[in-house]
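Think of it as A, B and C in the order they're written, each chain with its own count starting at 1.
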Amino acid sequence: MEISKKDVDYVASLARLEFNEKDKESLTQQLGSILNYIEKIKEVDTSKIEPTSHGASGENFWREDKVIKSSQKTIDAIFKNAPDKEADFFKVKKVMDTEEE
Amino acid sequence: MNEIIKMSATTLAEKIKNKELSSVEVTKAFIKRAKETDPKIKAYISITEEYAINQAEESDKKIASGAETGELEGVPIAIKDNILIENIKMTASSKILENYTAPYDATVIEKLKKAGAVFIGKTNLDEFAMGSSTENSAFFTTKNPWNTEHIPGGSSGGSASAVSAMTAPLALGTDTGGSIRQPASCCGIVGLKPTYGRVSRFGAVAFASSLDQIGPMSKTVEDSALLLNVIAGFDKKDSTSINVPVPDYLETIKQDIKGLKIGLPKEYFIDGLDSDVKKSIEKAIEIYKKAGAEFVEISLPHTDYAVAVYYIICCSEASANLARYDGVRYGFRAECDNLLDEYQKSRGQGFGPEVKRRIMLGTYALSAGYYDAYYGKAQKVRTLIKQDFENAFKKVDLILTPSAPTPAFKIGEKSSDPLQMYLSDIFTISCNLAAVPGMSIPCGFSEKGIPIGMQLLARNFDEQTMFKAAYSYQQATEWHKQFPNI
Amino acid sequence: MKNKYEVVIGLEVHSQIKTETKVFCNCSTDFHSQPNTNICPVCTGQPGVLPVLNKKAVELLVKTALALDCSINKKSVFARKQYFYPDLPKNYQISQYELPFAEHGKLNISADGKIKSIGITRIHLEEDAGKLLHEIGSRQLDCSLADYNRTGIPLMEIVSEPDMRSPQEAAAYLTALKNLIEYIETSDCNMEEGKFRCDANISIRPVGQKEFGTKAELKNMNSISGVEEALEYEVQRQIETVENGGKIIQETRTWDPNEKITKSMRSKENAHDYRYFPDPDLVPVNLDDVFIENIKITIPELPEKRKERLIQEYGLPEYDANVIISDKALVNFYEDALNNTAKDAENIPKLIANWLTTELLGKLNNAKLTIKESPVKAEYLGQLVSFISKGTISGKIAKTVFEEMFNTNKDPETIIKEKGLVQISDENEIIKICQEAADESPKAVAEYKSGKERALGAIVGLVMKKSKGKANPQMVNKILADLLK
């Protein structure tokens, strides 16, 4: 399976990862060889097989609609890790309308 | 050497409860040992001395006052640094979480606190548990206590080394594709991955949610059962935990194994298996036969696809699980002029190469046009791998395999070739894909003196049978009484 | 020009499900809390956290789906929708993709006086994102400030088929949908608070063409009239583009309510590759018949059924019925009022409808109040109408009483007593007043007697003046006619 540098650029932008040119080259090669190895699953006939998407086969796991308020201690602990904050907000670089969603 | 550090957790728990030893005395002994040996072994990211001594004092007070005590009252335990303890730093061995302090307790930590355990430190791992050697830690590589030129295995290499080097009698690890069993095998200790859903995942940093389990790492089989007794059970905070009653694993551990049917999957005993590993396993089979177990050759026909399926699934899930590390609410932020750059640089610089490689692979496998060929296909082959185990367990009670194809390799030996590194997990991966419980127990040493492990696999929620078989073997051998020379 | 093209519209509505707690954690959904107080490790996406589904959110979604005639899928699965945005703590949204809770429903709307059925493609459950602030008051910030109180509030996304053929139909659909949801109380539907949001897909095609044209997705409409306006603009824009030889490109456009135009946000070429996959942290949901039946029985009478009943049971004209059922609070008010009227009174349903839709709604409108905030209680309106019907007060006096009721919140009986407004229906008293009035109006009496029937009006006027409007008008007419024979 060939993976092009263009593919790598596209996937890196989806995953929000920056690579320098050198790393990108070795990554392209490594991903290529891993994908090559992975190709072998195509040999398996799975035409009548259901996919397994969960670790276990449980169903209907839910809880009651009851408020449990976080303690101030927990909220403070969450804020303490923030790289930047202003008043009661987490502060980030300005979001441009066109950037996403 | 202080005799305390050689004692099993079961013994320590008893002696502390009987007031033969105080928890502070025990905790200090392990911390002292860690201070002496860890500069060489590097099992710990942080030793939480003050926290541990406080807890130990509390335990001693409790015992002195005659209050009700927990099953692990006063017994130290090392915690893999991808499990959250409130108010303690939690790095997942990543630069991106280097300064992160946990705002809550993992469910297993709550249970351990209730049981009276003492947290003596956070252990090293491959960044976000992605790796088989701890070489992917953003901070340093942990050494194998039996030979410091060799890897301790991974990703729970820090926990395995800590127990092996006697700096902790017990440790918690996490296992996504062998991350408890493979390092346990490398370091000559016991490591168990419970049935998926047996132990709550709440508060363990998610790597691959459908595969991850927290499990015990210990010097002996009884200690493993003791620790599983404490951490197992349904959790209303984890939708994938399963409401099956938890038996007392210690109660049945000494039962006879006569007539037990053990399967040997032919796909695991192939050319290329290290000769020392092969010899050790053959000897183990003989010991089991003497104890009355019957061996049956079985087949797990889709074994050859397990590594490929595993890497597609774990990377796909990881690519989403690790999206939250973006420097917005917590973690490393590379200051930039605009948000997009900030995301890309924070993540580009905050994650190490293996983590980025896996995020890339997973993102690719889920991206438009490739989903069916990779992720969708892998999910279906996973079903077949699961069925292989269901069919096998119709014929046998347990499956026995080597834990790894070779004893612990040398540091640096495989770090340049990710695929070769992935293939070293070949014997441990299927167990996670099938959700069944698995355990590695020491079964010998290579000619060079590196430990060798054997893996037992059991039916879903049948850890009891596994413990029974592991204990029977342990009692017939001396491996668990060997200590590395450091 | 417009007749050359057919407009095709489909709508995606996000409606906040009315639960106490968020969909995957126990934080409150309260809208008015201080920023970042309804947060916890789970909804802020801390390492190691896991989601646990709120059962109530599922129940309310299923209730909505049943009210919209959807079929409920036996097995539903949650999926992760992945994109990076600072209001989305995990950088993926837990949503549904392949197996949503409900599919294949419909909602009837009235279009051009006819009933038209709009298909519902699917209804799925997902978590809301947080809020980003770009200004404080009027001060523009050079950064964005994230508030995660809203993060994780349950939303039901209701996706319609592209069945609407005009902006008016789209507005009718939204009005009907909002009304239905308010009837079953599964969402507050408060558009100002963002609890009922709508995106629109719109395309045009030459009349007669089968294939759909290229669609544009419109966002940022904050009211039903905003949706209608934005669609009107977009219809014009697309027609002009095509007529001028241009091509419509598939893109997302944002509605600017100040300039009243839509603006391009991004084209679909670089749109998102969301990499949906089943969320391994959440197990599938399997809704059995018992679960569904138990929800079915909680569904109240829906607007369409209720309208039919108003027409059949009370003999209301369709027009009145339509006005009254357009708001659940209004129809409840109406029936409350009706239940508080005297049993022997006549023509009450229509009278109450008149008083409600003209007098009360008019006054409420002027005072900018909703029916729920009405100072006049439903039972009081019922009593007032009973008084009129029984002749205790005249229609004219009733207006005075009603005015007083609206201003003082008092019941009509108290007001009538306090002000002495009870209609005079005592025959002797009326005869006495009539005699006085006739005596004082010799000219009018003469004219009347000479055959000018209209002259009676002046005398009636004087009677009413003397009685302060309280004399029973029918009796006055009759008695005067007798007196002047």
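As a working rule, a contact is a pair of C-beta atoms (placed from the backbone, for glycine too) under 8 Å apart; a residue touches a chain by one contact, two chains touch by 3 or more.
Computed from a predicted structure; not experimentally measured.
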Top chain pair, ranked by number of contacting C-beta pairs: A-B
Identity of the most central chain, Cα criterion: A
Centroid distance [mean C-alpha coordinates] between chain C and chain B, Å: 57
Rounded Å distance between chain A and chain C, as computed from the means of their C-alpha atoms: 40
Chain centre separation in whole Å, for chain B relative to chain A (CA means): 23
Junction residues of chain C, two or more chains touched: 41, 44, 46, 52-53, 84, 86, 144, 146, 273, 275, 277, 280, 282-283
For chain B, residues that touch 2 or more chains besides their own: 100, 103-104, 209-210, 236, 239-240, 319, 323, 326, 328-330, 339, 343, 363, 367
Residues of chain A whose C-beta touches two or more other chains: 14, 16, 53-56, 58, 61, 63, 74, 78, 90, 92-95
Residues of chain B defined as touching chain C within the complex: 82-84, 90, 92, 97, 100, 103-104, 106, 201-206, 208-210, 236-240, 316-317, 319-320, 323-326, 328-330, 339, 343, 363, 366-368, 371, 375
Footprint of chain B on chain A - complex, ascending: 3, 7-8, 10-19, 23, 27, 30-31, 33-35, 37-42, 44, 46, 49-56, 58, 61, 63, 74, 77-78, 80-84, 90, 92-96, 99
Chain A-facing residues of chain C, complex: 19-21, 26-28, 34-41, 44, 46, 52-58, 77, 83-86, 132-134, 141-148, 254, 265-266, 272-273, 275, 277-278, 280, 282-286
Of all residues in chain B, those that touch chain A in their complex: 86-87, 99-104, 196-197, 209-211, 236, 239-240, 242, 302, 304-305, 307-309, 311-312, 319, 323, 326-333, 336-345, 347-349, 351, 353, 356-357, 359-361, 363-364, 367, 373-374, 376-384, 386, 418-419, 422, 435
Residue ranges of chain C touching chain B (in the complex, touch as defined): 41, 44-53, 80, 82, 84, 86, 89-92, 144, 146, 273, 275-277, 279-283
